[in-house]
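Structure provided below as structure tokens; questions to follow.
Order of writing sets the labels: A, B, C and D. Residues in every chain begin at 1.
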Amino acid sequence: MAINRTEIEVRYQETDQMGVVYHANYLVWFEIGRTKYIEQLGFTYKEMEKAGLLLPVIDAHISYKKPARYGEHICIETTLNSYDGIRITYDYTIKNEKDEHLVQGTTKHAFVHRDSFRPTQLRKVNNYWHTMLTKANEEL
Amino acid sequence: MAINRTEIEVRYQETDQMGVVYHANYLVWFEIGRTKYIEQLGFTYKEMEKAGLLLPVIDAHISYKKPARYGEHICIETTLNSYDGIRITYDYTIKNEKDEHLVQGTTKHAFVHRDSFRPTQLRKVNNYWHTMLTKANEEL
Amino acid sequence: MAINRTEIEVRYQETDQMGVVYHANYLVWFEIGRTKYIEQLGFTYKEMEKAGLLLPVIDAHISYKKPARYGEHICIETTLNSYDGIRITYDYTIKNEKDEHLVQGTTKHAFVHRDSFRPTQLRKVNNYWHTMLTKANEEL
Amino acid sequence: MAINRTEIEVRYQETDQMGVVYHANYLVWFEIGRTKYIEQLGFTYKEMEKAGLLLPVIDAHISYKKPARYGEHICIETTLNSYDGIRITYDYTIKNEKDEHLVQGTTKHAFVHRDSFRPTQLRKVNNYWHTMLTKANEEL
């Protein structure tokens, strides 16, 4: 799997008084994208949290080309950029239904223990998940 | 203490493309109001959570008179409506700097255990907090 | 059309540190519900705004039975409660995939001019929309 | 003026089920920071919008060191990074009351016309604002 494509509709709540989508909401959309990417690999964030793992964002970059607007159907394209066992980086492209590139971004995450927020190796918690991500990473 | 008055400034993020504050945000402002009300009584939500208590909203009513706008200085007026040991109800009035009444509302809450979400009596967890709220209720 | 059913998945961003969906987000979900209800009648909020109309909330009531949680598939059920040409009231039921009733609510709206925020009769702006809503109201 | 320091308290609404501030909210805090920076220079975003200007984010970078938590008093430190007449870049440091560096970030903005979203030179709209920002930039 090279890419996950997930479609959403802009929510009225996501707009601001500029008449466009508020800039912080693209981070929410990125999160939807990586959630779906993971699901496509065969597991879920909910299961990871149950297993005592969190996957906080440690770095984010967003480049805004053109604002999304209410009424638009949005496509979130998510790809894995890298995975090394303890860190994972995703790339995102946000497009509208005319296939215009609205926003591009990257988020970097570290696997940490839920209680301590200390880094952990994914394979120590669940080797299947580690294998799936390693495979996806090798296919890049 | 009959009333808590807390001032906030409208955040750009809180507006929507109608050019006014998005209607759900008044619930966020109500929460700021009751947080400050409790602090004025001498304790905090954070301490309550540490003690294993949650205070979820079980009912909310909001009446919108006039929209708040970006750039306005807002006053949140919070009063205790009732407290009976397991439930608490607050009333709120949102005003702008011209003292115009923008929004009025009420939220009802139940004290519950953090893990089970089952109702609990506040005095069993902390008698001081119970006493402070009982006093505030009697002064109404 | 008696009812609109729209499915959504809980977003991580919609949770709070109680581990459940933050209470104000149900108003966002209600908005998704009425947006879809209107679309099922054959028009959209976006078209209404283009025609110079806004439909702000003037009253909202929310009753919280049981919290929605991350990972749940949510069904928003929206029904028209009443429409009289200048005001419109919707009822909502939020359910999870086990068909448990999580939240119930009502929102009341007034049609207003975008620039003045003054009330207006829908049929003066668009008679087709007025007719569709009148029909839906009569079928109740 | 080299720096603006603005204090806020974490809102319950800003947390997520990790028990920390949701990562997108730091962009909201950055916005509060630059709003206050501008006010310290003697004008406001509200006035800029009235003059037909918008200042959308065109690029954002966020580096997360340590999560902010509910109950913390947060300091937003905002500095001007650069201003060239049509673009402006701010740097931010988010600290808690123990002076721990939680988050660092940068946002880049372009002055655009409200209706066209096309770039514009600030001095053509308001020379005083241009002068104030130019001075602030030269003092860096």
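Heads up, the rule we're going with is that contacts are C-beta pairs under 8 Å (C-beta built on N, C-alpha and C of every residue); 3 or more make two chains touch, one makes a residue touch a chain.
Note that the coordinates shown come from a computational prediction; the quantities given were computed from them, not determined experimentally.
Trainee: Name the chain whose C-alpha centroid is most distant from the C-alpha centroid of subunit B.
Mentor: So the farthest one, by centre of C-alpha atoms, is A.
Trainee: Count the C-beta contact pairs for B-C and for A-C, then tell me which is higher.
Mentor: Counting C-beta pairs in contact for B-C and A-C gives the edge to B-C.
Trainee: Where the centres are mean C-alpha positions, what is the separation of subunit A from subunit B, in Å?
Mentor: From the centre of subunit A to the centre of subunit B is 34 Å.
Trainee: Round to the nearest whole Å and give the separation of the Cα centres of subunit B and subunit C.
Mentor: Roughly 25 Å separates the two chain centres.
Trainee: Go ahead and note the Å separation of the Cα centroids belonging to subunit A and subunit C.
Mentor: Chain centroid spacing, subunit A to subunit C, equals 29 Å.
Trainee: At least two partner chains per residue is the criterion; list those residues in subunit C.
Mentor: 12-13, 17-18, 20, 24, 28, 49, 70
Trainee: Quick one: in the complex, what on subunit A touches subunit C?
Mentor: 11-13, 28, 31-32, 35, 44-46, 70-71
Trainee: Along subunit A, where are the residues that touch subunit B in the complex?
Mentor: 12-13, 15-20, 22, 24, 70
Trainee: Could you please specify the touching residues of subunit D with respect to subunit A in the complex?
Mentor: 17-18, 20, 23-25, 27-28, 49, 54, 56-64, 67, 114, 117
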